[in-house]
Structures are given as C-alpha cells and as structure tokens.
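Chains: A, B, C and D, in written order; residue numbering restarts at 1 for each.
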Amino acid sequence: MNWEIFLAPYTQAVDELKIKLKGMRKQFDYESRHSPIEFVTGRVKPITSILEKAKRRDIAIANVEDEVQDIAGLRVVCPFVEDIYDVVDMLRLRKDFSIVEEKDYIEKNKDSGYRSFHVIIRYPVETIYGEKQLLAEIQIRTLAMNFWAINEHSLNYKYSGQIPSEVTERLRSASEAAFRLDEEMSKIRQEIRDAQEVFRRKKD
Amino acid sequence: MNWEIFLAPYTQAVDELKIKLKGMRKQFDYESRHSPIEFVTGRVKPITSILEKAKRRDIAIANVEDEVQDIAGLRVVCPFVEDIYDVVDMLRLRKDFSIVEEKDYIEKNKDSGYRSFHVIIRYPVETIYGEKQLLAEIQIRTLAMNFWAINEHSLNYKYSGQIPSEVTERLRSASEAAFRLDEEMSKIRQEIRDAQEVFRRKKD
Amino acid sequence: MNWEIFLAPYTQAVDELKIKLKGMRKQFDYESRHSPIEFVTGRVKPITSILEKAKRRDIAIANVEDEVQDIAGLRVVCPFVEDIYDVVDMLRLRKDFSIVEEKDYIEKNKDSGYRSFHVIIRYPVETIYGEKQLLAEIQIRTLAMNFWAINEHSLNYKYSGQIPSEVTERLRSASEAAFRLDEEMSKIRQEIRDAQEVFRRKKD
Amino acid sequence: MNWEIFLAPYTQAVDELKIKLKGMRKQFDYESRHSPIEFVTGRVKPITSILEKAKRRDIAIANVEDEVQDIAGLRVVCPFVEDIYDVVDMLRLRKDFSIVEEKDYIEKNKDSGYRSFHVIIRYPVETIYGEKQLLAEIQIRTLAMNFWAINEHSLNYKYSGQIPSEVTERLRSASEAAFRLDEEMSKIRQEIRDAQEVFRRKKD
C-alpha cells in the first residue's frame, strides 16, 4: 500500500475544512459578534496510529477507509460549553458535507474524564482523477476540555494505553478541575449577557 | 452598502479556491509527475477597483454581484503554454463549481499584447447564514505571460488607462519577447519528452 | 503622526520574534524532548489601545515609543507552570535581544486574579533605512492562565475597565479554578517524571 | 550523522531570513514606493543534493558546514535588472548578518546561460544550546532569469548534469530570449521614470 498516495486526499480534505471552519470564525469577527469558535486545528492521523487503531479494533487494511473515521481530523475549540452546541447547529446546516454520526461525550462523558462533542462527516474532495467521498471527524470542545485531552493523550502515549491506576485517579481529578473551570466561566458568560440585557433595557 | 460584509464571502471563496488549486499541484508532486501548475495566487478585488470598473462599464451598484465577474480572482501560473490547456481540462472535470464562460486570449490575444486564458466559474460558498453562489475568475498563464501582465497592469495604473502610444509600442515589443521566450521553452519541453521516450524504448 | 509607518518596524519585530520563539518549540520536537512551549502568538497593539494607554498613564505621544512597552507583544503558552521558568531561562541566554525588565505575576499575582510572567526586551530590527532598537513584551503563561486572561480581557473591554464587583468576584473564583487546574496538572507532570525514573532504573 | 538535528538550525535560519527579506518588500509597499523585490522564496538543500555536491567537489562530510555554502538558500526575485543592484546595496547595509562573498553572474554570465547575483552571508542563529553562526546563500534575479534557471535546473536533474549538446543549444537560445525580455522591460522602466520626471517638472 502506497500510504502517501492513499493519504493525499485526506490531507487535501483537512486543508479545505480548516479554511472552511476558520471562515466561520472570521464571519463573526466581521460582524463584531461573539464568536463561538476560539480556534481551529487539523491533522491527518499518522500512519503508525492508523495501523495501531486497525490492529486494536481488528480492522482489515482494505476497510481502513470506511472504518477508521478519524484519518482526517479537525478540532474546533470554543470559549464556553454553550458555544459547542451553537457550532454543532451550524455544522448541521452546511451543504458542503453530510453528517454521518454525532457523539456527545459532554452530556455522557467517558470514564477516563474525557469530554468532547464529535461529529463524523462525509466530505467530497476533488482529486486530479475525479471526486472522492471520504470520512472526517470534527471534535468540538472548550479550552479546558482541550487542555485536559491533550495531556491525557500524551500520558496514554507514554504508557501505551496502560495508564497506572493512581495516574488515572489524578487525571480524573484534573478532569474535575477542568469541569469546574468551565462551570465558573459559564457563570461569567451569563453575567455578560445579563449585564447587556440590563444595559439595553435602560436604553429603551 | 457595507463593503466588508459584502466582500466576506468573496474572501472566503478565494481562500478555499487557493487551497483547492494548490492541492492539484501537490497531487502531481506526490506522484512525482510533471506539474502543469507552477504556482497559484488569489486576491479579492479592491473596493476602489470594483467602483471604477462599475463606472467604466456603466453597471449599477445593485448589479455588481452579477456583472463584475472578477471580484474573486485566482491566478494559476504554468511552466509551459501547453500546460495551460491541461489545467483548463482539469477544471472542466471538477464538480465543486460550474464553468460559466471561457475566454481564450492566447489563441486570439488582445491588441495590447495581453495573453491569458480566463475561466469564469459559479462557486457555492457556505456562510453562517447558509449557502451563497458567487462568480469567480480563474486566469491561467505562463510565467512569461504573467510577468508581462503584471508590468502592463502597473503601467495602466500609473497612466490611469491612458498609456502614451510610444509606451504602448514598447509594451508590445516586450509582449513579443515574452512570446518568444514561451516558444523557446516549449521547444525544450519537446526535447524532454523526446528524450524520455528514447529512454523508455531502450528499456523495453 | 503616520501610524502605519510608525508601526511598520513593530510588525516586522513581531513577525521575526514569532518565528524565533516557534523555532525553540520545533527544536524540542526534532530531538523528541518534552517541549516547555505549547504555542506562540503575537500581535501589534491596535492604535486605539495605544492611545488609550497613553492617555490613562499620561504619556505624551512623543514618548509612546519608550514608555508603552507592549506595542510589540508576544505570548508563549506552556503546558505546565514549571515550564514557564524554563522558558524564561532560555530567553535570558539569547544574544539576539537584551532583557530590560522581568515581572513575575505568578509568584505575586495581581488582585484581579491575573497570573503571568512578563519579560520586556530591547530588540534590534533592520529597516530599509538602517537598524532600529525597539521594546517588546513577551508574556509567558500556562494554558489555564491564558484561558482566564483572554476572558478577563474581553470583560474589561466590555465594561471599559469598570467591571462590577460581583463580576470581579466571579472572575476571582474562575481564577482559583484555573489555578487548581494548573496544580492538578503539575501533579501529573510529576507522575510522568517519577514513572520514567522508575522505568530507567529498571533498565540498568 | 543525524541529519535532522544537523539541518535544524539551517531550517530556522531560512525561516528567519524569509521573514526579514519579505519585510523589506512590505516596507516599500507601506510607503507606496516601487519595490525592487517582487517575491522571496527559501529552502533548505535536500540531503541527497548536499551529499552529491560534497562528492562532486570532493568535500569531506566533516567540512560540509564550511564548504557547502548553499545549505540554507534564499531567493529574491526582482521586476527589473536594475533592482537587483538596489537589493544588493540594501543587503550590504544590514547588521544582522555579514557578507562573506559576492558573485555577479549577470555582468559575467556562465556558459550555460545562467544569470543571477549571489551573496554568501554568515548568519547568527539562536538554538536552544546557544548561538550558531552558519553560511547561507542569497540569489538575486529577475523574473525572466528565474524562469530560465528553474527550467535549466529541472533539465540538469533529468539528465543528471549531462545535458546533450543540442538541448544545451536550445537552453542557450532560451536564455537569450529571457535576456531580451529583461532588456525590453528595462526600456519600459525608463519610460515610467521619464514620464514621472516630466510630470513632476510640469507641477513645479
């Protein structure tokens, strides 16, 4: 299997989707509105990680394309928890891709402490040989969720997925601290809205 | 008219199309094939230029969107003249936009000496309020054509479109020199192909 | 005063310093070492903010260059609190700028809850008229500190610096939550190091 | 030899020098002056090319650093021949690197038809282990020279440096055509200046 040629359309899809999702943020800026998007990143899954995932889940190489859904991965980071659902709503309206699946790990978070909203999409990308439909995963998170997830990922990597129980414990405490930070921030968000409402009422 | 909001989808379209056209070049590189694309640039037409063009062609501001076709402008620069037609063929196959018009100023070049191939497309761009179809112009040229055109443009700008006849004369000589350079380069292109054919025949 | 010409060397300095600080991160990656730098951002202070600061601190326009130290602003964001001091140590060793002042708002944080380490540098930038020495501020923070600071900044902006006391209270709670998250994360950092030490001892 | 670690400071130097040379162009734009720089590119020499050059010139690997001067390579492309010398003058004034050697292949062009101005510099780059002085080559050319050189380079590559004599002949014709184009363009440059002078004299 020539991985470079296999991955080329995924690289192209990630580049295009980054520009498209960043464009949503820019539009809020142009109109001086609060943007529910703080920043956007993207990456193509490294070959070794694709192979590991295929092995772990018993996926034949020929089926990688259909069964590994996050070869093309996008991440949208939001200031507040509430913004995540606004972003999901906007994704549902777009016509340049179709949503295949939604996974809400915020409402019902994983045991590890992981919180995030995942949207799996089918995206048409043009190659020099014609159109190709491929799967991509968009993860939507707050800054605190993202911070925690980056650190868990690097620990998982170091311990090859076998994190010792006392470290798992500490990670869970950190996840709670991240959750608390999101809660405190959401309260301020409310303050801002309340204050603005009072301000507007006075003006009328 | 709020120009920043009016131009936002054009900026987005230019960003997306740049990534898409550059992606074509990258695919040739991945496969170690000669790329018919040397580089790609893009720009949104400055507001003053839109207004001047509207005035010159007697277009009402309300019709700018439909009648000024190059508000979103892309430029594809090719090594050899022959590559231009390969690029046009690839554009015709794409499904992410539709071609509205083609203008071949190479076969039948303008009096000024201007040579280039223009493709006008209708491109769907997603905004936070839904999809918007807009026009964009893709200019396809060789390096020599591009070099000449850049210089003619700056002279036109300096003389506000009223270039003195002796300068027009000199521009025409320069255009011929650019044409000659393209011809000489095309001959070398043939050499490369011939040499490669000989090489392959020997291997059989 | 022509602000665009006045700010040009600051823009240039920010561009150069971003490349230089990001380069530090890349070097850790090349050597597969833990990078104390997560990401780097930079900006030139908007003209309105320069004028406001000058007014608030009673600085004459002619002295803005010497007395407003953050016209060129860089931000280095670190995974762990301990990394901040590693970054400061590396900055002290560089010969391409000199450090004018250091302000540790982590050891001794501000009333508002703001935590960050500031380094003011004198940086030589080459212009087309020769070398110009200018001041720049590098802020070094953890992800949690940064998250909090971004939100405080936007609240300050909304309330024009006059944040109501109950919002100030909430901001302080959020700052404590951010501090707790940093503490929890620092504990995991230690786990990683301990685990690695045990691992190495076993190998001997 | 660990090439990735060896090349890291060269990559850093190329990134910094690109920002610095592009900055010169931007400054002309800010001041609405004709820029002698059309665009700037940069690259680190691929490892295979470094090894080939070392072999061809009988350079020991230990001496590559001192004797292969173009591991870090920058290219400045100018609209007109005259602009090349303006750029060289500006490089001579900079204090952030020192010039080691200048080679004028325009006045005295190579047999192949190659024309360009090369400046070899010694550039101090900061690494996480301290400052490192390294060599870099800046090539300064017109658009026509650049176009020709890119094509010659790809032919050289295809024929592994043994270009057949009839192709060499054609390359020389193409070089003459490129030279003629530069000459024609220089004449227009003069027109612009003359026209502007007449215009200014009238105003007095």
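Here, a residue touches a chain if its C-beta (ideal position, glycine included) is under 8 Å from a C-beta of that chain, and two chains touch if they have at least 3 such contacts.
Protein identities per chain, from UniProt: A, B, C, D = GTP diphosphokinase.
Predicted, not measured: the structure shown is a model, and the values here were computed from it.
Each chain's centre was taken as the mean of its CA atoms, and the one lying most distant from chain A is D. Two copies of one chain, chain A and chain C, form a contact in which over half of the residue numbers belong to both partners. With centres defined as mean CA coordinates, chain D is found 36 Å away from chain C. Centre to centre, using the average C-alpha position, chain A and chain D are separated by 43 Å. As a whole-number value, the distance joining the C-alpha centres of chain A and chain C reads 26 Å. Listed for chain C are no residues, as none touches two or more other chains. Viewed as a network of touching protein chains, the structure reduces to one closed ring of chains, two contacts apiece. If you check each pair of chains against the touch rule, the ones that pass are A-B, A-C, B-D, C-D. On the side of chain C, the complex with chain A involves touching residues 79, 143-144, 147, 150-151, 155, 158-159, 164, 166-167, 170-171, 173-174, 177-178, 180-181, 183-185, 187-188, 191-192, 195-196.
By the touch criterion given at the top, residues 4-5, 8, 11-12, 15-16, 19-20, 23-24, 26-28, 30-31, 90, 93-96, 124, 126-128, 130-131 of chain A touch chain B in their complex.
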